[in-house]
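I have a structure here, written as structure tokens, and I will follow up with some questions on it.
To keep things simple, chains are lettered A, B, C, D and E as they appear, and every chain counts its residues starting from 1.
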Amino acid sequence: MTANLPFLLSALVAVWATFMVVTRAVAIHALLYLVVALLALACVFDVLGAPFAAILEVIVYAGAIMVLFVFVVMMLNLGRPDSLRENTWIAPRIWIGPGLLAALLLAALADALVMAAPGGGRIAVIDTRQVGLALYGPYVLMVELASFLLLAGLVSAFRIGRHIRDEDAP
Amino acid sequence: MLALLPPLIVLCPLAAATILLLSAGRMPPPAARVLAAGAVGLAAALTLWLAVLFLSAPPPTYRLDVVLWHWMRVGGFDARIAFTLDPLSLVMMLVVTGVGFLIHLYACGYMRGDPDVARFFACMTLFVAAMLVLVLSSDLLCLYIGWEGVGLCSYLLIGFWYAEAANGAAARKAFIVTRIGDAALLCGLLLLATRIGGLDIATLLQPGHLGGGPVAEAAAALLLGGALAKSAQVPFQVWLPDAMAGPTPVSALIHAATMVTAGVYLIARLHPLFLAAPTVMAATAVLGLVTLLLAAGSALAQTDIKRILAFSTISQLGYMFLALGTGAWGAAIFHLVTHAIFKALLFMAAGAVILRVHHQQDIFRMGGLGRAMPGVFAAFAAGAAALAGLPLVTAGFYSKEAILQQAWHAAPLLWAGALLGAFLTALYISRCLLIVFLGPVRTAPTGRTEASMAIPLAGLSVLALTGGLIEMPNAIAPVHLLFRLLAPVLGPPTAEDAEGGAGLLLAGALAPLAGIAVAWGLWRPRAGAIAPADDGLARGARAGWGFDAIYGLLLVRPFLALGWLNRRDLFDRVPDLLAAATRWGARLLGRMQDGRVRRYAGWIAAGTVAALCLAVRP
Amino acid sequence: MMTLYGLVLLPLLGAAVAWLTGRASPRAPWPVAVATLVLLAALLAYITWAVPAGGGPWLAHVSAPWIPALGITLRCDMDGLSLVLLWLTVVLSFPCVLLASRDIADTPGTFHALLLATIAGVDGVFIATDLFLFFFFWELMLVPLYVLITVWGHEDRTRAAFKFFLFTQGSGLLMLLSILGLVFVHQHQTGILTFDYFALATTHLSPVLAMGLMLGFFVAFAVKLPVVPLHVWLPDTHTQAPTAASVLLAGVLLKTGGYGLIRFVVLLFPDAAARFAPVALALGALGILYGAWLSLVQDDIKRLIAYSSVSHLGFVLLGVFSASPLGMTGAVVQMVAHGLSTGALFVIAGALQDRLHTRDMRRMGGLWPALPHLSSVGLVFAIASLGLPGLGNFVGEFLVLLATWRISPPIAILGAAGLVLSALYALTMVGRAFLGPPPGDGWPALPDFGVRHMAVLGAAMALLLVLGLYPQPVLDLSLPAPLPHSALPWGPRP
Amino acid sequence: MTATPAQALLLASMLFALGLLGVLVRRNLLFMLMSIEIMLNAAALAFVAAGMRWHAADGQVMFMMILALAAAEAAVGLAILLRLHAAGRPTLDADTGNRLKG
Amino acid sequence: MIATLMAAALPPALAEVPMPVLVLAAGILILLLAIACRRSGPGGAGSETGAGTVAAALIAAATLGLAFAGLWSPPPPQAADMARLFAADAWFAYGAGLILLSSGGILAMSWRRMAGERADEAHLLLLLGTLGAIVVAGSANAVAFFVGLEILSLSLLGLIAYRPRLPDALEAAMKYLVLAGTSSAILLFGLALAYAETGDLRFTAPLAANPAEPALATAATLLVLTGLFFKLSAAPFHLWLADVLDGAPIPVAAFIAVVSKIALFVALARYFAMTDLTGTALPAQDLAVVAVLSMVGGNLLAFGQTNLKRLLAGSSIAHIGYLLVALLSAGPFGAGSAAFYLAAYAAATLGAFAALGAVPDHPDLASWRGMFHRRPAVALALSVMLASLAGIPPAVGFFAKAYIVAAGMSAHRMVLLTALIVSSIIGLCYYLNVARVMMTPAPEAAAPAGATLPGTTVLLGALALATLLVGLFPGPLVQRTTGLFLPAAPGGETAARSHDILYAGAPPPRPRLLR
């Protein structure tokens, strides 16, 4: 039980922070909670024996992607009216349906996980080396393809984001 | 030679009809008249020649089969287009071509001035051809061609003056009412064909081929249905009075002399079948009697001269059916012949009258015409006398007497009814004669009767008076020319009961005389206006005892009303419903796409969750 | 005999030529169509004469691979039944083209191309003996007709064309299910995947299965024939179609339903058909009476004729399911006669509409003096359609009723009652349209039928007369060829 | 003992459900994007946990792929978001102002 | 030969990759370089010369052509089964061939449609999307599948919002982004669960791993299915399709409706290659429900539409349903009929969109009135395409649908076939309605200006011809599509069983429903 404590703690934090993300009215608050959640998840990764993933989670996710979000939030220049409006949009009434759906999904997944619990052997640490070997061994092609994935994202984002400020320009 | 003649005789009017039809109205009217009358005259002459040949050197069995071609031969069923010449068909041919020729001659005069005379004669000649096919056929299916063909011509000719809507309605009514009978007849044919495998009359009538019992009864009943409708007997009599909408020669030829007697001919031709069906025989007799009384009663109340004659025709046909029902085949045919003569005569005389009084047909608007048109008066009187059965001097007396005698032997009640009918017959025809030809003049006649009309009148008058002499009761003179002629077909004439004969004869002679006397008492010429009786009984009688109204109320109206309600076709609503359901579904699904991305995500989630929930915990 | 393919290819070729020439000149397609039909008739005549004497019931055969992977071939066979119906098709195409389509002003090239394409499809249906090929033609012939109705039809053409297409196509899909079911059962039994009619006929089927498969076929053909609850597309379609399409529909297309019933229902599933016969007979009688009844109360003259078709084709159903050569041949004769008489009636109704710009009989009447030729022809064909003995319709109806009487007198009596009703509606039509007083102050001068119309319709009448008085050649031909291994429902060929 | 893969998967499920909840509830596109990131993250966690169970690095390889996707998707998504914001939907409301429907 | 040479010259790590993927990747890089060179060249970024676009189009066309040729290169040596990323089998070759041909068609459609905006990036994105599609079609591994899918998604996003100044395009991109993201996450979660259950990342339904307690495997399968269904736009995951097609430029709409769906369907079939889909067991049942919903729902949706793009969206949903029927008809014909139908569907849908593109900016049905008079060739071509979609002879769709029905019949899928027939009849209504509208004369003789672009004309003509010719002579294509679908890996009982299901020769299953 005690050995399990770090996992439980980080898991609790992650769930709580995620819940806060979903329920916040102010975007920047939500983003910060998201960062918290991601950091908590990084802890979970570490507990699970995936230090490389934990590090990437912190650097790329919490670091890079979230910063991107923060920039955008800054650019949008949201203010008090926005958070007030946001509050009316997340009135309790509209939570019922989605909440039910999410609960059912969780129940079904939990049920499946409990019924067919994946065997829990000892957790061995899979270190960066192993990951690197896998990544540049059998999955090297995927890495190359991932570059095309990023290229596609790049071209798309470039295409969409160009001339964003002069809407009337040809 | 003998074998060649029957087809040739049929061909004469048929060719004329074809030429007249194909000329499509371009033929000048005189040519049309000459062609039609000539063709039928030629047919009549050929028939006479045929008769002479046949009688002088009869074939061994008094029957000659002329097979023209196989009509259909499939699946064990075989029908041929074939003619049989035997005494019965010979007599019928003589009537059809002889009377037909005279009526065509008469029509040449009667229809003068009508622009559509070619169409008229096309139909008339076609009718003669069809009627000849009817009487000559040796196969019932072939007979059916003629049977329907005459019905068609009847339809075309009743509605000849088509501009009048009522004429068209009358024509349709005639065709459809007879068609109901035709359907029954067809069912009878189907039954027989199923049993026998063919409809050859000779095969059919071979003893033991069909046997008796319910099958024979059913077949006979169905055939009787066809005969009743064709011959305007109760309960199908309603079409004939209306059929008087056609030109008078049509009434004379089709609705008095020939077509309406087809039913009589059919039963006489198939009498062995009917003999095997005693119930149907009884029904035939009873229906005949009922018809003759009802129609005679109706005739007594009519005001239209042609309708009087129409009801009279129904009534006289009732006599024939009575005769058939009592097994007096010869008497029926005898009456058929004499009736064809005197009724054609009456119609033609009436037609002559009608032409002269500007197409006035109401007898109460006529009167005193005897002085203006003595010849027509004489002809009408001769016909009326024959119809009434004036004893000894008229043809009608002898034929009716034969029927009465037979009825007495079958059932005295039938005889009594028939005797009452004879009385009524004399009464109504005398009424007609008295009102039309005697008394004060109410409508002044103009013009004069043409020779082409007068000659047939004269000829038929003579026949109407003397035609009966070919067949006399034993009590008067043992002359049995007709019965003996028909014996090979209809069997030997039944032996007459000698002791009752004279008494019956006397009764039969007195009834018409009494009728004439009563008529004289009621409608003798007197000054002042006369009007038809107008009490309830008379109105009912005038309306043909309400059969039309009842049929209309019970059959026609509900049928049409239901049809009208369902005019848009009940089943047609089903696709509409389906279409509406589809549209509804489409709208529903379209509403799902309300453009809100959250909603879309919701559906995705819902689908997933539903699948998961169902799968994980089934 | 490769010429069988010509029956399909020649009209298609003609269609292409008509379409192409139509782009150049609006007057060109009509002669092309006429020439195509003449050639087609010549080809059919050649095929008819080229039949080897005494070569068995199947008169011609041709086969070529099509989709070998699925055992689908381009197999066509012709027996007397096919031959009779092919002749009917060719003969009825002439009035379509000679009388009805000459005056098409709107893109005549396309019109004639579609007309010829329809004829090609119908020809294909009548000769295909590969079930998939049959289905292909079955669906194919709808398309040009749909376009014909949609583009050149009357006021409510869209709905009518829709209904027509949906009903026939939908029921066709049911037939596809049955075809495939049969094919796979056959494959299951023999291991051979084939759509060949003759091979499939040897399949042994359990009663339930046979009934199910037969019903699939039956529904498709019943829609086309039509059989009463499924007839609802027909009145609308016939009413709204342009004259040529009406003639083709009534004259030929409905016959594919009857043909299918004979070839693919009764012969392919004799036992199931025999068990189904009571229902089919009842439906036939219902159709006869219901069609006649509704025909009687119509105001639209084309609708009246359409419902009369429903009534007449009820006899075909009776005949087919009477399971006797008598009924079968009667049904064929009835089909041929109905094609001629109803086709002619549609020509006449179309001509009336062209002249009066209405089909409503309440606005007609007294046309005889104004249009003597048209009216007399109308009368003649009305009489033919009421089944006057001596004309073709009577032979068909009589044989059918006779066959029906043998197995069920009550049904036959109902059928005979239908004859009374047919007289009723036919004469009502004549009375309302041609006879009686003209409405208002008479008709203005109207163009009557000319020589062309009279000649073509006269030829149709002559054919009806010949069929009525000397039907023996058709009777001899029209008995469908039996399958080689299985006996006909009525035993050996007489 | 330490955490089992099952527990980690359960955690991933919870995060996943929460992310889905966010997508379904929030009308603001920014929050939707965040929720999608949460869901992707949950999936990544699940992969890592699964990799733990089999002592294989494949799970982490997949994690990295997901990371790449998350980055790319965030970039494109934010670009669209900015564009929408500039093009007249300043509230970033996903529900109103939709022209494509029906 | 070139392909052989290339294969020989490649580094060993790339040897496993199917040739078209390599060619496409190379082409993308070349195009990227070309664009970069041009932008930084003397003309600079501002030069909107057509020459650059033409050059880009030529490069893209050459790439697609070479990739298509590469399909005939000798199959790469297969790595050990577990680690295999790609399955370059016949099924892949067929799917990739269809994808490449369709992409070529879309290229022909779009090569000046995008003018006004720079088209070169569109070509780049088109190639990227095609690459993603081919990777999806050929992936034997979850990682490869996922990466390919996301390449496809992301390039689609760029393509949908290619003209971001149009609010519709932006809105469509937004919807696609949110929903594709959600569904990707669901898919990923499913893949993760499957990996947790089985321990390998093969892209195949994980049902066989632990038959005793299949709950987790089932959940995983269902989650993966959700992702696949979303991309295939099968009901009830279809709602985005109409909006996105409506908002996207016509070539892009065609790309979504054709290329993306072919790729996903090929992958879906591969996913279930080892699964017994004959019975009414779980994945089969799920697929069947979705198939019915898609057929009926899609056709109903299209039935109510007056916008041709949205109508085609509905039609596309319905056709996915038909394809699922083929997939579920695991008999001798199931895979063959699905492959055949894919080709018919691709040709017809592509043609329909090409016809829409020939009369641009008129997606509204009402503006197509009288098209047979105004633009007869376009109307005729569209009619042929719609006939093919509706399954009317002589278009190829007729045989394709009949083939599917045959497959269904041989597998006794009576319920599905009933739904197929009912929905086909609904489908007929709207296809015919379009044809009817084009046949009704236009009230005013307002012919839309602008002639059809040559690329579109050629494409339309070729597609119409192909649709009719293959419709009349489907034999060769049937031959080609038979026996395509080899199971990815023979292993154990399941594989053997699926082998039985997929091939003729083995005794067919006992008829159940019919007996």
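Everything that follows uses one rule, which is that contacts are C-beta pairs under 8 Å (C-beta built on N, C-alpha and C of every residue); 3 or more make two chains touch, one makes a residue touch a chain.
Fair warning: this is a prediction, and the values are worked out from it, not measured in the lab.
**Q** Could you tell me the least number of steps, going only between chains that touch, from subunit C to subunit E?
**A** Minimum number of steps from subunit C to subunit E: 1.
**Q** Give the fewest steps needed to get from subunit D to subunit E, where each step moves from one chain to a chain it touches.
**A** Graph distance in the chain contact network comes out at 1.
**Q** As a test of understanding: of all chains, whose mean C-alpha position lies farthest from that of subunit D?
**A** B
**Q** Hey, which chain ends up farthest from subunit C, C-alpha centres compared?
**A** Chain A.
**Q** Kindly work out which chain lies most centrally, taking the average of its C-alpha atoms as its position.
**A** Of all chains shown, the one whose C-alpha centroid lies nearest the global centroid is C.
**Q** Max contacts between which two chains?
**A** Chain pair with the maximum contact count: A-D.
**Q** What is the distance in Å between the mean C-alpha positions of subunit A and subunit B?
**A** Taking the mean C-alpha position of each chain, the two centres sit 101 Å apart.
**Q** On a C-alpha centroid basis, what's the spacing between subunit B and subunit D, in Å?
**A** Result: the chain centres lie 96 Å from each other.
**Q** Let me have the rounded angstrom distance from the C-alpha centre of subunit A over to the C-alpha centre of subunit E, please.
**A** Distance between chain centres, rounded to whole Å: 31 Å.
**Q** Need the CA-centroid distance for the pair subunit C / subunit D, whole Å please.
**A** Computed from C-alpha means, the inter-chain centre distance equals 64 Å.
**Q** Mark out which residues of subunit D touch at least two other chains, giving numbers and ranges.
**A** Residues 5, 9, 16, 19-20, 23-27, 32-33, 44, 49-51, 53, 56, 58-59, 61, 65, 69, 72-73, 76, 80-81, 83, 87, 94, 98-102 of subunit D touch two or more partner chains.
**Q** Hey, what residues on subunit C touch two or more of the other chains?
**A** 166
**Q** Going by the touch rule set out above, which residues of subunit A reach two or more other chains?
**A** Residues 97-98, 101-102, 105, 108-109, 111-113, 115, 118, 139, 142, 146, 149, 152-153, 156-157, 160, 167 of subunit A touch two or more partner chains.
**Q** Return all touching chain pairs.
**A** Those chain pairs which touch are A-B, A-D, A-E, B-C, B-D, B-E, C-E, D-E.
**Q** Using the touch definition up top, name the residues of subunit E that touch subunit A in the complex.
**A** For this pair, the touching residues of subunit E are 13-14, 16-17, 25, 28, 32, 79, 83, 85, 121, 124-125, 128-129, 131-132, 135, 143-144, 147-148, 150-151, 154-155, 157-159, 161-162, 164-165, 173, 193, 196-197, 210, 213-219.
**Q** Would you pull the subunit A residues touching subunit B in the complex into a rising list?
**A** Per the touch definition, subunit A meets subunit B at residues 97-98, 101-102, 104-105, 107-109, 111-112, 115.
**Q** If you look only at subunit E, which of its residues touch subunit B in the complex?
**A** Within the complex, subunit E contacts subunit B at residues 174-175, 178-179, 182-183, 186, 215, 218-219, 222-223, 225-226, 229-230, 236-237, 239-240, 242-243, 282, 286, 296-297, 300-301, 303-305, 426, 429.
**Q** What residues of subunit C sit close enough to touch subunit B in their complex?
**A** 163, 166-167, 228-229, 231-233, 235-236, 293-294, 296-298, 324-326, 329, 366, 368-369, 372-373, 376, 383, 388-390, 394-395, 398-399, 401-403, 405-406, 409, 412-413, 416-417, 419-420, 423-424, 427-428, 431, 434-437, 469-472, 475-476, 479, 490, 494
**Q** For a test of understanding, state which residues of subunit D touch subunit A in their complex under the given definition.
**A** 1-11, 13-22, 24-28, 30-31, 33-35, 37-38, 41, 44-45, 48-53, 55-61, 63-65, 67-76, 78-83, 85-87, 91-93
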